[in-house]
Amino acid sequence: MRCQSNNELEALVEEAKQQTKYGKVADYIPALADADEDKLSVALYYPDGRCYSAGDTAENFTLQSISKVLTLALALMDRGEEYVFDHVGQEPTGDPFNSIAKLETNKPSKPLNPMINAGALAITHMIVGESVEDRLQRLLSFIRKLSGNPSITYNQIIAQSELETGHLNRSLCYFMKQHGVIDEPVEELMDLYTKQCAIEMNCLDLARVGCVLAMDGADPVTGEQIIPWDIARICKTFMVTCGMYNASGEFAIKVGIPAKSGVAGGVMGSLPRKCGIAICGPALDDKGNSIAGIKLLEMMSKKYSLSMF
Amino acid sequence: MRCQSNNELEALVEEAKQQTKYGKVADYIPALADADEDKLSVALYYPDGRCYSAGDTAENFTLQSISKVLTLALALMDRGEEYVFDHVGQEPTGDPFNSIAKLETNKPSKPLNPMINAGALAITHMIVGESVEDRLQRLLSFIRKLSGNPSITYNQIIAQSELETGHLNRSLCYFMKQHGVIDEPVEELMDLYTKQCAIEMNCLDLARVGCVLAMDGADPVTGEQIIPWDIARICKTFMVTCGMYNASGEFAIKVGIPAKSGVAGGVMGSLPRKCGIAICGPALDDKGNSIAGIKLLEMMSKKYSLSMF
Amino acid sequence: MRCQSNNELEALVEEAKQQTKYGKVADYIPALADADEDKLSVALYYPDGRCYSAGDTAENFTLQSISKVLTLALALMDRGEEYVFDHVGQEPTGDPFNSIAKLETNKPSKPLNPMINAGALAITHMIVGESVEDRLQRLLSFIRKLSGNPSITYNQIIAQSELETGHLNRSLCYFMKQHGVIDEPVEELMDLYTKQCAIEMNCLDLARVGCVLAMDGADPVTGEQIIPWDIARICKTFMVTCGMYNASGEFAIKVGIPAKSGVAGGVMGSLPRKCGIAICGPALDDKGNSIAGIKLLEMMSKKYSLSMF
Amino acid sequence: MRCQSNNELEALVEEAKQQTKYGKVADYIPALADADEDKLSVALYYPDGRCYSAGDTAENFTLQSISKVLTLALALMDRGEEYVFDHVGQEPTGDPFNSIAKLETNKPSKPLNPMINAGALAITHMIVGESVEDRLQRLLSFIRKLSGNPSITYNQIIAQSELETGHLNRSLCYFMKQHGVIDEPVEELMDLYTKQCAIEMNCLDLARVGCVLAMDGADPVTGEQIIPWDIARICKTFMVTCGMYNASGEFAIKVGIPAKSGVAGGVMGSLPRKCGIAICGPALDDKGNSIAGIKLLEMMSKKYSLSMF
């Protein structure tokens, strides 16, 4: 069953919104702590171009960990599947996204997957370019194409805030540098990574990105193959096995949609051959996922029979 | 694209079989060590009743860990979703299937998911019945229904062999008993669990079981709802996130079919609304999955476009 | 400086006793939960036979983990240093005494030291004898000799209580059985181990045992060499590096006396060539050591300059 | 029994030297890889000023981890016992000296002890001074006093080499910075730490430092109390429980002398109220300790009855 109107989504948003009071806004990145924690918005993008939405869909939010899916796609296009998975694993983990312990216990040291911070940093390291600026521009231009929005850029204040406070990510980087997983200067990688995480867009943009992934990498409007289909498939697979931090298993059971969340409260969903979804709800649960966003996706999954399984 | 003939599968089996020389038969269970490690067989069961196969499909093998999916279904039917997931988690793990470390570090102690040994033992503990014998008969009768084969039973020699050597599983049981995850006598649970793992059938039987799960729990022949659809969905989801031990992530990317493997070399696949698959190839890779079986599934996934993602 | 009178010790006991209110009696072994948590007693045994004491020194308590030192001595006498340390390590650990995680991560699996439960079980496994009963009698007769008290035996109620509830120790045993560290039936080892832990004596007895170890294994009265001097030395070394659970480092700094504690509240100290000490105070701190006992030892160490360092 | 002549030591050195062929020189710090791995030298310093030695005792080597004991003493003098142990633990660990896993699993995050790298970095962070240069000068002047050698300084080439390659230490620093254990700029701390590790002296100097610690902090010649006695005691205690990396337990049993090793092959021993010992033998065993040095200490411990236990 397909969604027929914005009203349907508005009703679901109203109900899901009640969850916001049980969550709280990410505060470990100072610039994120100001977000309005009662908000919830959603956009649903069908491949035929129809789009439904509810909430304040014009408001921008930063991608944060959602960007990990997009840098993975670009790195796979830049380097090929074999190279990428020689350096970063493919297995989900029961550990938190910022954990360093497995980097030490796994021999040889290799991040478990591209969705935890260590793996994402190693993936960003692979993006080709002459300089940090050049690599950032390549990434931005890739994301502008995916979203169909040429004005997308990153939030400088948030990028700067994350650069100043991201000591745990620096710790992961130096650990990987010691073990040869990365070899560029850590501060350059941190510069690129924090800007990547601070790329911002609104729900309409993000739902379109989700739809491109859903449609095997093809632009739903022009039909242009922006991402090779097998790379789009790999991205969606990781979204199922490790897209929602260490609540991915539960999410797959309750919702069953390939999805990736970020600590700014965003979630991007990509239902194969069906639709793209974007949600923003800054109040997070204890795993770091949008608490109302997950509730909303659960309700949408039931109402529109969206589970893949 | 659908498979059209046994010949197609035979050609794939011939090619995949070359992998057997890189694997080896499980030897930690003495009674399994005698299996012929060069063998490979496959069956593909479509909901319309058509079934294609290749290799020695009449030969029985024990389910081993494949049985974990079926006890999960029965426990969910016996106890309900809430009870089951209060005692066993839903998250994949990067640790080996028989690991005990996470039972200690997770607070409160709770097996991470029903597909690792600790979780599977806790699930078997939940199967309702007056006695071990009664619970075993309920499980057998459930599996006979799923396979459409009323003569299915367990292999006594293998069950006995596993009972005698299963000290690691006993260690997991006592750890869980200490923490209140299970409360029956450990030897009774071990008795039931080793018999469950030793249930045997051939590829044709198992492909039909896979097809029931694929068809949301409905018998493909009679249409009878053997498993409620949402429980069938939960089973398939776990098969994706943790069905292939700690190679589940890589398998989801390369193959993209919900599947569960066992150390006797069996693999059961359940492609939602499409088909059931069964494979038996006793030579295992270092993660404990059928080495030629995985290769064969990879080839089938490409040839017939089976990936869900 | 030496202690000159019981009065001196009584004054120290009075002050240290105030700590009891911050601790609590071990409750995971039901039969221990009845101990009077306000009590504190001490005995100080000099090699010249002079003995000072304070508190209710006639009262028996079970040795619990203190017995680990004595089985280690007997196993070293039975099997030799090389055999013992081929099967059990010599390194302290930052993990709790009942932890199983390191058994899994260390390759090959080997308990880190004889003072954690896993190591102590492996040591008890090494005690030579025709049967559990025979091995128990050998151990009892060894301990009677060390204490000079031929009536010492074990508390049957406490042994039984620990046998019924010791599932974590069973978990450790089966894990070690899987890895070949032990090979006897687990229930037999558990039977012997719980009886060993339930051996009881009073502070006067235990201080004499401590004095034998202090005097390099020689009976302070008869001069008989009960334990070879190098084995007595090994025991005292383990008491320093891992005798006080994972508070051993702090205890070495604050007190500086080789000592071993038990969850019944006992502590045995052995100051090389100086004296034996025994304390009983059932209220435990969060590491499992007698809270007032540690305070008392700290005060005694300062007053009588007992630190070895 | 005391050593009577250089000849005695020379005989022991000749025998112990045969072990060098089973070890290898540290190669993870490029500037250390050039050391002559067949060498072995020793000095034994008695409080009455008599000193015996063997081997090339005029040759300088860098202290590396031996410096951790000396910065601990200075930090305790600068900040007091309470402050220091609020930030760094006192427990030995079974993990390697450069492990990061326990920093993550311990809550709150706190290095386990001052002898592992994380703890040593946190201790160096505590040394008081206006600037890195000022703190370094204070440390150097402290060490010159301890050794009685006013010309002691650090090796600039080795310090620089360690600064360039010390990514694992940077990883530890940033992890601790994230958790508030340290708050200075990481590169400043790394600058000071690598210079501290590169401080060099010969065996005669180092044996005298060991003797000061042995004599409760008093200069054996002038009697001046360079280190308060209780701080000297704390240092020796850590040398026993965690001075020889994760072979400390075995070393305490085999040798029984408070000692600290470094990856340049140095070992400093401090036998309470007896003597100071220094050894240099660059070939290391797999734990990072001088392989011939340990053998030599074992032989000396037996010959001169040096074990404390």
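For clarity, chains are labelled A, B, C and D in written order, and residue numbers in each chain start from 1.
The rule is simple: contacts are C-beta pairs under 8 Å (C-beta built on N, C-alpha and C of every residue); 3 or more make two chains touch, one makes a residue touch a chain.
If you're wondering where the values come from, they're calculated on a predicted model, not measured in any experiment.
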Quick check on chain C against chain D: do more than half of the interface residue numbers occur in both copies, making it same, or fewer, making it different? same
CA centre of chain B versus CA centre of chain C: separation in Å? 47
Centroid of chain A to centroid of chain B, CA atoms only: how many Å? 32
Gap in Å, rounded to a whole number, between the CA centres of chain C and chain A: 55
Among chain A residues, those touching two or more other chains are 105
Sort the chain contact graph into one of these: line, ring, star, complete or other. ring
Considering every pair of chains, which are in touch? A-B, A-D, B-C, C-D
Inside the complex, what are the residues of chain B that reach chain A? 89-95, 102, 106, 112-113, 233-234, 236-238, 240-242, 246-250, 252-253, 256, 258, 272, 307-309
In their shared complex, chain A is touched by residues of chain D numbered 99-101, 104-105, 167-168, 170-175, 177-178, 186
